[in-house]
Amino acid sequence: MEYGLLVMGAPYRSAAPHSALRFAQSVLNKGHHIKGVFFYQEGVHNASQLMTPPQDELNIREAWVELHRQYGVSLDVCIAAALRRGVMSESEAKRHGQVNFNLESPFELTGLGQLLELQQRCDRLITFA
Amino acid sequence: MEYGLLVMGAPYRSAAPHSALRFAQSVLNKGHHIKGVFFYQEGVHNASQLMTPPQDELNIREAWVELHRQYGVSLDVCIAAALRRGVMSESEAKRHGQVNFNLESPFELTGLGQLLELQQRCDRLITFA
Amino acid sequence: MTEPNERLVVIRHAPYSSNELREGLDVALVAAAFGQAVSLLFLGQGVLALLKEQKAGAPGQKSTLPTIDMLEMYDIETILVPTETLQNFNITADQLVDGVTLLPISDLPDLFQRYDYVLNF
Amino acid sequence: MTEPNERLVVIRHAPYSSNELREGLDVALVAAAFGQAVSLLFLGQGVLALLKEQKAGAPGQKSTLPTIDMLEMYDIETILVPTETLQNFNITADQLVDGVTLLPISDLPDLFQRYDYVLNF
Amino acid sequence: MLHILNKPPHSDAAVQMLSTLSGNDTIVLIEDGVQAALHPEWQGWATNEVSIFLLVEDAISRGIHSIAVAHGLPLIEVDDFVVLTEQNEQIISWY
Amino acid sequence: MLHILNKPPHSDAAVQMLSTLSGNDTIVLIEDGVQAALHPEWQGWATNEVSIFLLVEDAISRGIHSIAVAHGLPLIEVDDFVVLTEQNEQIISWY
């Protein structure tokens, strides 16, 4: 089956990222496919490259990147939700006169239309928030 | 009187930043002094220089900076809470092998001891979360 | 009654206290702009988004009421609220914006079964 | 009964669902490390932090129980829980970690008046 | 003691606040706390000796100002809120 | 329909979920949703025709696994959770 995930909780504020990663791992182990993960609302903080947990704690962003690397899962971040919360790519940073940025590939900034399309293209869309 | 504020809510997730700024303005208008604002938990996102709201929305970080500029209010951010959530200064970024950063003066990264000291040095400490 | 790609967006958060309400509405607006048939259901704290006397908030806080008022322009004409939810808040229908359809809360199970896509905010 | 700089830290959030519990405890630990007398009060969802059967969570989720177990080492010996709160969760005292002091919820008003510094998490 | 409540009247935060009230305490309802105006049955309204105020700006923005006025509830400005913090040495926020 | 609840049983999210249940719906309790094991009086347990499962990992981490077992509640692994999402076309999260 084709799965999609909608993640709307931030690391440290919500258990949603942990629950979503755990679910994703099991889905993939069973031979299903995950078309994409869409990060919305507070979930956009999952993409922050500056997230620096203590060494004995999981870096959630790296866990998402690993999921992408192993299984090709696309990691889409709502651009409007991300910009207002201070999460942006190098090109968006330039457009807004910023020198710094904190979102890099494989995370991609995209519009809300992507979420609707994900729901329509997948057999199942599961929300973790 | 000497006031201190503890802010633990993030912009867009909580009304705490708005309520705290509104309260601060009134406190200062009445001739009181605000020794400092301490940002903890989700409140650390108030300091993010990458926060880019639409043009018709208030940039909360800039409102804090303006408060500092006009009244010399110190803006302290808990370093442990900030690092794990992806908020860091240039020097912390270097220490952690990052090229980018998103926290600059007048925001300062500091330890939790600063919060306890603020509470003891102020006549009133008000929490907005 | 089900149209192709009919979509239910459920709003459960109050105005001002967070951006959850606004970002839920944004999904409904984008879906409608893409030509999908969208219904909105307001549950719990979400019904407070429909109070017509809302005014601009604290300095710098943006109101969501203008977005609510724009829904019809986006062809979002089905705005549903359970009668019992209103009663829980001691709110009467005339305190809400125009265009709200009340339904008994006992209709919710059937309502949820009826849509192709449901998103809960 | 009040010592100089006596401090009450109130914990109201459950383990795992957010970092609020951990960061509340951190404030108590830092205050104790600075030599302040610290009492901890667990209210509502916060009492779940004291359940002694907690184990490590989902992969990558850190447990707060080891921190709770360390409190005594930091000379935080007053760990307060209202009896009625336990009853609300159908939890009995023997399901909690050692060293918890139960008090009737009607003692809370006096308790809050007694401390120089209170912080609510 | 001054209590600041920014959550709805039936929230955990509100229930916990009520359990800590002493006579002569004061409560300021801000943000979603002003929803208490919608609930005449809220236990807080029944606590004698405790003064409860609603922040008028938050009641207006949330569209319940006229309801609060109709119920005769005491509305205060932000400046009055600050005065209450001057008058009370102990201040606790419930969120 | 499959409902996923990650909030305590007396939360707004849980109450809203209960109001939408149809016969033959299934509920998975995850994260703080497993607290329902502490509340035999929870209305959810009284809904016939609805199957309710607790995610065992979250019950263990929160220290209420043995309570759930003592009450004879059905605990499932994450893999079983995935099976439920295979079986149900409509899936709604309450948070």
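Going by the order they are written in, the chains are A, B, C, D, E and F; count residues from 1 in each one.
The rule is short, and it goes like this: a contact is a pair of C-beta atoms (placed from the backbone, for glycine too) under 8 Å apart; a residue touches a chain by one contact, two chains touch by 3 or more.
Bear in mind the structure is a predicted one, so any value in this text is a computation, not a measurement.
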Checklist outcome for this item: Note: chains that touch subunit E and subunit F both are C, D
Item to check | Length of the shortest touching-chain route, subunit C through to subunit D | outcome: 2
Next on the checklist: How big is the rotation relating subunit A to subunit B when the fit is done on Cα atoms? Please round to the nearest 5 degrees.
Outcome noted: 180
Checklist outcome for this item: Note, CA centroid farthest from subunit C's centroid sits on chain D
Checklist outcome for this item: Of all chain pairs, the one with the most contacts is A-B
Next on the checklist: Roughly how far is subunit D from subunit E, centre to centre by C-alpha average, rounded to an integer in Å?
Outcome noted: 26
Checklist entry - How big is the gap, in whole Å, between where the Cα atoms of subunit A centre and where those of subunit D centre? => result 34
Item to check | Inter-chain centre distance, subunit A versus subunit F - centres from mean C-alpha coordinates, in Å | outcome: 25
Checklist outcome for this item: Among subunit A residues, those touching two or more other chains are 12-13, 15, 19, 22, 57, 80, 84, 125, 127
Next on the checklist: Where in subunit F do residues touch two or more of the other chains?
Outcome noted: 6, 31-32, 57, 92-93, 95
Checklist entry - Which positions in subunit D touch two or more other chains at once? => result 16-17, 19, 45, 57-58, 61, 120
Checklist entry - What pairs of chains are touching here? => result A-B, A-C, A-D, A-F, B-C, B-D, B-E, C-E, C-F, D-E, D-F
Checklist entry - For the complex, which residues does subunit B have touching subunit E? => result 1, 3, 8-9, 15-16, 19, 22-23, 25-27, 29-30, 32, 123-129
Next on the checklist: Give the list of subunit A residues in touch with subunit C in this complex.
Outcome noted: 6, 40-41, 80-81, 84, 111-113, 115-116, 119-120, 125, 127
Checklist entry - In their complex, what parts of subunit E are in touch with subunit C? => result 6, 8, 31-32, 35, 38-40, 57-58, 60-66
Next on the checklist: So in the complex, the part of subunit C that touches subunit E is made up of which residues?
Outcome noted: 14-17, 45, 48, 51-58, 61, 63, 65, 89-91, 95
Checklist outcome for this item: In the complex, subunit B touches subunit A at residues 10-13, 42, 45, 48-54, 57, 80, 83-88, 92-93, 96, 98, 100-102
